[in-house]
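Each in structure tokens, the structures are laid out below.
The two complexes that follow have chain A in common; it is paired with chain B in the first and with chain C in the second.
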Partner chain A sequence: MARKTHDVLSVDWIRLELLRTAYSTRGGLFSRLDPRIVLAWYLVMAIAPWLTHDTGVLLVLFALGVVSVVLARVGPLVLGLFLIGLLGNVIGLFAASFLFGGNLDTLVALAELNLKLGAVSMASMAAFVSLDPEKLSDALLWFRAPELLAFGVSYGYRMLPILVDEYVTVFEGQRLRHAPVERPGLLGWRVVRQWCVLAVTAFYPIMLNTAKNVRTTVEALETRGFTYGASNPAGRSLRLAYLRVSATDLAVLAATVVLVVAAFPLGGLLG
Partner chain B sequence: MHTAAPTTAPIPERTGAPPVIRVKDLSFRYPGTDRDTLRNVDLTIERGDFVAVVGGNGSAKTTLCKTFNGLVPHYWNGDFAGGVHVGGVDTWDSTVAELSRRVGYVYQDFQNQLVRPTVRDEVAFGPLNFGRADHRERTEEALAQLGISHLRDRFVWQLSGGQAHLVALAAVLALRPEVIVVDEPVAELDPARAREIYLRLRELNQREGITVITIEHHAEFIAEFARSVVLMADGAPVWHLPVQEAMDRHAELAAHGVPAPDAVALSAAVGARPVALDVPSAAAALRPLLRERPTAGAPEPTGASATSTRAVEAGPVPTAAAASAMAGAPEAAGEVVASLRGVRHGYRSVTGELSTVLDDLDLDLRAGERVALVGTNGAGKTTLMKLLTGLIVPRAGTVTVDGIDTRTRSAARMADHVSYLYQHPQQMFLKDTVREDIALFPRGRKVPDAEAIVDRIVRDVGLTALADRDGRSLSGGQQRRATLGIGLAMRPSLLLLDEPTSSLDIRARDDVTAMLAALSETVRCAVVATHDMELVATWASRVLVLDQGQVLADVTPRELFSRPEITSRTRLVPPQAARIALELGLDPLPLTAAELRQRLPDGPALSAAPVGPTVKEVR
Partner chain C sequence: MTTQNPPRPAEDERRGALRGAVDGVRSVQLSTSQKLMIFVLSMSLFGLSNIILEIIPDPSIGPVDVSVSYMVFVPLTIAALFSPFWAALGAPLGEIVFTDLLMGDFSGLAEVEGYLQMFLAVFIAGSLIRNPRSRPQIVLGAIILVLVDKVLSAIVDLAKVWIGVEDAEFVEGLPESMLALEVLGLGVDVVMSGILLGAIPALWLIPALHGKIEPLMGMRPRTPGEPIPGQAPASGVFVGFALLLAVASFGFAFLEAFDISAGSFEPDFIDRFGDWFIVVAIIAIAVVLGVAILLFRAAQRSRETADRS
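Then we have the complex of A and B:
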């Protein structure tokens, strides 16, 4: 079979999708909002589903989740993984219940949990796809999260692309230097097994390299006044001075609250 | 050529202003070690100076510089005796945070110094931590001072090495320090970028009066940019002299692992006193001697150069098509190892559009060739190498290695024919010892007598004593040799190396270059992607200049360096000896100091020379 360059479902595509998601390069409604409002919005959307057992209400909340995913322009990788997870769960449970003599009623009974998880997951996707690392870290800081957590979040994002690149490089090296499987076996299970082993062992050099690199980072943090800033509030207020809540922010938040509250009587009618 | 920069900047006049750094009787011992790293250091650095700190590995250059911003003794605790005063403040009574506002530090591995996602945030990080209300102005000012305001909104992972270094520097500048310490900018950058950094540092030094201290191995930069030189040996300064006097003592520098740059070595060899520090003055010193001997009568340095010079006279920059036609002609003897036909390739960016990296490329690589692949970052060097390994396949056209179309085999199977050595050695250490890493490929493929091969290669790369250590714990030069061993154990027809001499000091670099020269016995064709023009000059038999996805020129090293129009367009800086020779108008062009020496008379002019090492010894 001749090899070709693939633009989707390739390693490079996964890398790009991760970056697009992490750095919210696709834009969308929520990425234009104040990050604190996005976090508040997320809290409303993520908590509401746990306050009810009514399938009708959950259906409405699920629909709200779908709308926010569309508005936030969630990318295909994250969305695909979510769908695989959700559908896999539904089909798996259905198959299991069927084997044990259940029927469609069991599925309805299980729908409540799936709808809940689905609604919360979609709210999470919409919120975090819309927050770039700087905004997220500043919002956390504003909510009085520990300095180290806020910094850690932004540092994690800063490292992510570099670690992904390094991982791809090491994994390529693994593939080139390990002998390919001679007989693939049924459905190529030996190939799959080898890929899994290589994918996991590729973490070993990366962890050692990172451990070595981070020594400079820690020292540099000291010279850039990170510890000093953590104990002096002036830096925090300066950093957060740019945050502004606009009319759009309040409108989106208010609309969300109204819709979520309305979901309860509305869902009651459906149910 | 960009050699006309003024060099002999005066040592800042000592107007009685207090020195910015004063080190007195300083000794320091890291915890858990049994000898002092710094021993009785006495050193004074004047405000406004541009100091190069030089010395061999383990001479405590970095430790010394870390005493200036208080990392020693406040971050690195240990036995600390004596005193360091920075701007009148005793570092012992101060803190790292307080001292960092006076002394900025840019690390050798500056990439790890960047901690925030965007450039603007990175530069503002320091001022924000210290609660500076004018952090925005400071950020803009620092970016403007280094001419990188346009990078403001970039993510740090999008930056090239040179840009990342400037951002690290801007982040330090935003604190408005009195002193900036830069640890080996040349180590992780190619020479052309490192030069840019030095030009910026000179500007900061001259315009803003900031004291600049660099740790440096490359004497070429020291001679051109520094005003004074501190030579360190064994934990203490040997001397601290103005740069001219320091370079006059080039033999002493060479003995401490800092070989003289070509300008110094050549002008010293013909007896110039003081020695020339840069290309124009070296050319001026050598020119009168050359006139006595017409160029026509000059001996050919090597046999190969005769053909190449004729090609130079042929005229304008060859187009890609003409170039590949030309390449076919003189070396038709070699059998084709790899070929590319109509190859086009590109990548998707984060925003989704396709950027073309290689465009309609035709190329043949033949047995016995030592190919250097040069060009700016993003010219497609790495992409071309990855296409040859089969790690990626082209979007159009075919790549053939050993007669095999890379589309028909997996990369793992292509690895029997091609091996690819990454730029960063630590990414190739997959096992816990060097021996295991070298053995991985032959053992896995069940090569008969794999163990004997591994033993031989470990010996060949000179790592017998270190074979049971983890690759990461070795020095830079040893790491390179270990990766070469890994490549050789794959016994490829085609060996590809990405920047094999980057981040090596000069001695380790010469080591690796020598080892590359010995490769021809085991490998049919070797391709090196590099920015290191010394390596190109001494090792390559053929140079491919990539520019905007095309082969801009397919030439010999001598031809390449004889054509300033190609080198300046692709931002390549020829070796200093070649630049001197070009300034002198020598034809054929000598590429190394040794070759240039042969064109100089060795009669009376030399006998007047002070006792010193010959060029051979220095290089």
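Then we have the complex of A and C:
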């Protein structure tokens, strides 16, 4: 049993999962939509929960978030991290206020905040898992976001799996060249310390490698006129010319708006 | 530690302020592509370190989280070796792009607040390091980085509870526990993030990389005493800009806490503050940000004219 969990939770699996997330290869409803519509959809879903304090309305919005996560086919890694974070938050805050003399009411008060945060996070998972880097950065450019932000997004999504891969290689290499600790000590603290030292020292070659990669990338970009092209209106319109809004896009957006608006009276009935 | 540090020079060689071309080819002023390189390097490395921390589980003793919130030595190294301004612009973006967007942890307006806090923290700490080989400066930089970031966010958190926008006073025992937790958390953060994963690795890494990583990016290593490359001018105008950014970050945090509720679903809220409160908050943020941008432009222009003369 222990062996099996170890296999599932390997670093390689995490890297593959990140790749699938970054390139949205799972398919799903939102990956077929126009990226600008997905961002608009995200804004609707992310702002709506902040407009209310009613637990009933928040429950409906939370359910909408669950539906969109299912439609977007969010992967197990992202979903698992989200659930751990949400549950950890609830339990931690509850324990804290219990220590200082709170009671079950505390949990109810905290439930509202966590429902709100959960609904917003699920909207962002569904939206950003479904957008591949190129589309997302084009949509950001269309909304007149700073060019550095648009570039950072597309570069980050592309480079992340490569960087993680490289880091794992360096880390494993360092580990192979080190003797294991002679005695693990109390609770294996020497093992933990060695891992921490290795994790930090692995940054030395990683920083040098990344510096080289970054120089290559940036010089290639600048040769093609990145800095000047991005701020040039003709270049911008050429780059964004392929974006089209179809009937499906509008239908999804309209349905979402209707559902979110309907959530308010519906939640009032529930609560 | 397999990598050996080059021997420290017996005495810091001070060359004074350099201007323009250094050895006929390379210049102290950063070129456009070098600025972009520093920005991208800082973004990807800080993002990578955040991903690694994301995979490691967060241990907590009782209600106090004893995890490491970020690897301080990564942005500190880049700020100390290259340019604090461009490193500070890139690092928080790396956190947002790599962990928050990809992991579905994106929290809207609070991200703006986090970005501004981290930007200020890295920029201030990086500017403190004038000599990348000075140990006291590195330790000071690491601790200041954590302190600026964490104190700013602790003040925001506490103020939210005191003003009562988070409805926490209805919950028995929550405000007191918040105060105690913030103070405890600050101490833990300084020890864990600032010293264990900040000062100690940076003390080894910054001198080890100094003089090795710069040629890979086509730059000349920094020498102590010369002005910080790509530096925003430390004039009064720029300090004003930084202060206004700090105020704006509070504004964003509060706007989020006020829930932009526009009043219709929260009659109690209206009774206490009135509709105007939200409008005032939004206008205040707009004015503060506008003034900040104007000041920044003015600072840039004055620097450009100073360079030309």
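Operating definition for what follows: the second predicted complex is superposed on the first by the 245 of 271 C-alpha atoms of A that agree within 3 Å, B and C clash if a C-alpha of one lies under 4 Å from a C-alpha of the other, contacts with A are read in each partner's own complex, and residues count from 1 in each chain.
Keep in mind that, in the parts below, a contact is a pair of C-beta atoms (placed from the backbone, for glycine too) under 8 Å apart; a residue touches a chain by one contact, two chains touch by 3 or more.
Remember, it's a predicted structure, so these values are computed and weren't measured experimentally.
If you count the residues of chain A touched by chain B and by chain C, you find the higher number for C. After overlaying the two complexes on the shared chain, residue contacts for A:220 are found with chain B alone; chain C is out of touch.
Judged by the touch definition given at the top, the superposed model places A:74 against chain C, while chain B stays out of reach. In the superposition on chain A, contact is made by A:201 with both chain B and chain C.
By the touch criterion stated above, A:186 is placed in contact with neither chain B nor chain C.
Of the two partner chains placed around the shared chain by superposition, chain B is the only one that A:16 touches, whereas chain C remains out of contact.
By the touch criterion stated above, A:247 is placed in contact with neither chain B nor chain C. In the overlay built on the shared chain, the residue A:239 is in contact with chain B alone; chain C does not reach it. By the touch criterion defined above, A:157 reaches both chain B and chain C.
In the overlay built on the shared chain, the residue A:85 is in contact with chain C alone; chain B does not reach it. Within chain A, the residues touched by chain B in the first complex and by chain C in the second are 155, 157, 174, 177, 201, 204, 208, 212, 214, 217, 219, 221-222, 226-227. Taken in their complex, chain C has these residues touching chain A: 1-3, 32-33, 36-37, 39-41, 43-45, 47-49, 51-52, 54-55, 58, 60, 62-63, 65, 71, 73-74, 77, 89-90, 93-94, 97-98, 101-108, 166-168, 170-174, 176-177, 180-181, 197, 201, 205, 208-209, 212-213, 216-218, 256, 259-262, 265-266. Residue ranges on chain A touching chain C, taken from their complex, read 11, 14, 18, 21-22, 46-47, 50-54, 57, 74, 78, 81-82, 85, 88, 92-93, 95-97, 99-103, 105-106, 109, 113, 117, 120-122, 124-125, 128-129, 148-149, 152-153, 155-157, 159-160, 163-164, 167, 174, 177, 197, 199-201, 203-204, 206-208, 210-212, 214-215, 217-219, 221-222, 226-227, 264. Residue ranges of chain B in contact with chain A, taken from their complex: 69, 71, 75, 95-97, 100-101, 104-105, 107, 109, 111-118, 121, 125-126, 128-133, 135, 155-157, 171, 345, 347-351, 389, 391-395, 406-408, 410-413, 415, 419-420, 422, 426-430, 440-441, 444-446, 470, 472, 486, 490. Contact residues of chain A toward chain B in the complex are 2-5, 7, 12-13, 16, 19-20, 23, 25, 132-134, 151, 154-155, 157-158, 161-162, 166, 169-170, 172-180, 201-202, 204-205, 208-209, 212-214, 216-217, 219-229, 232, 234-235, 238-239.
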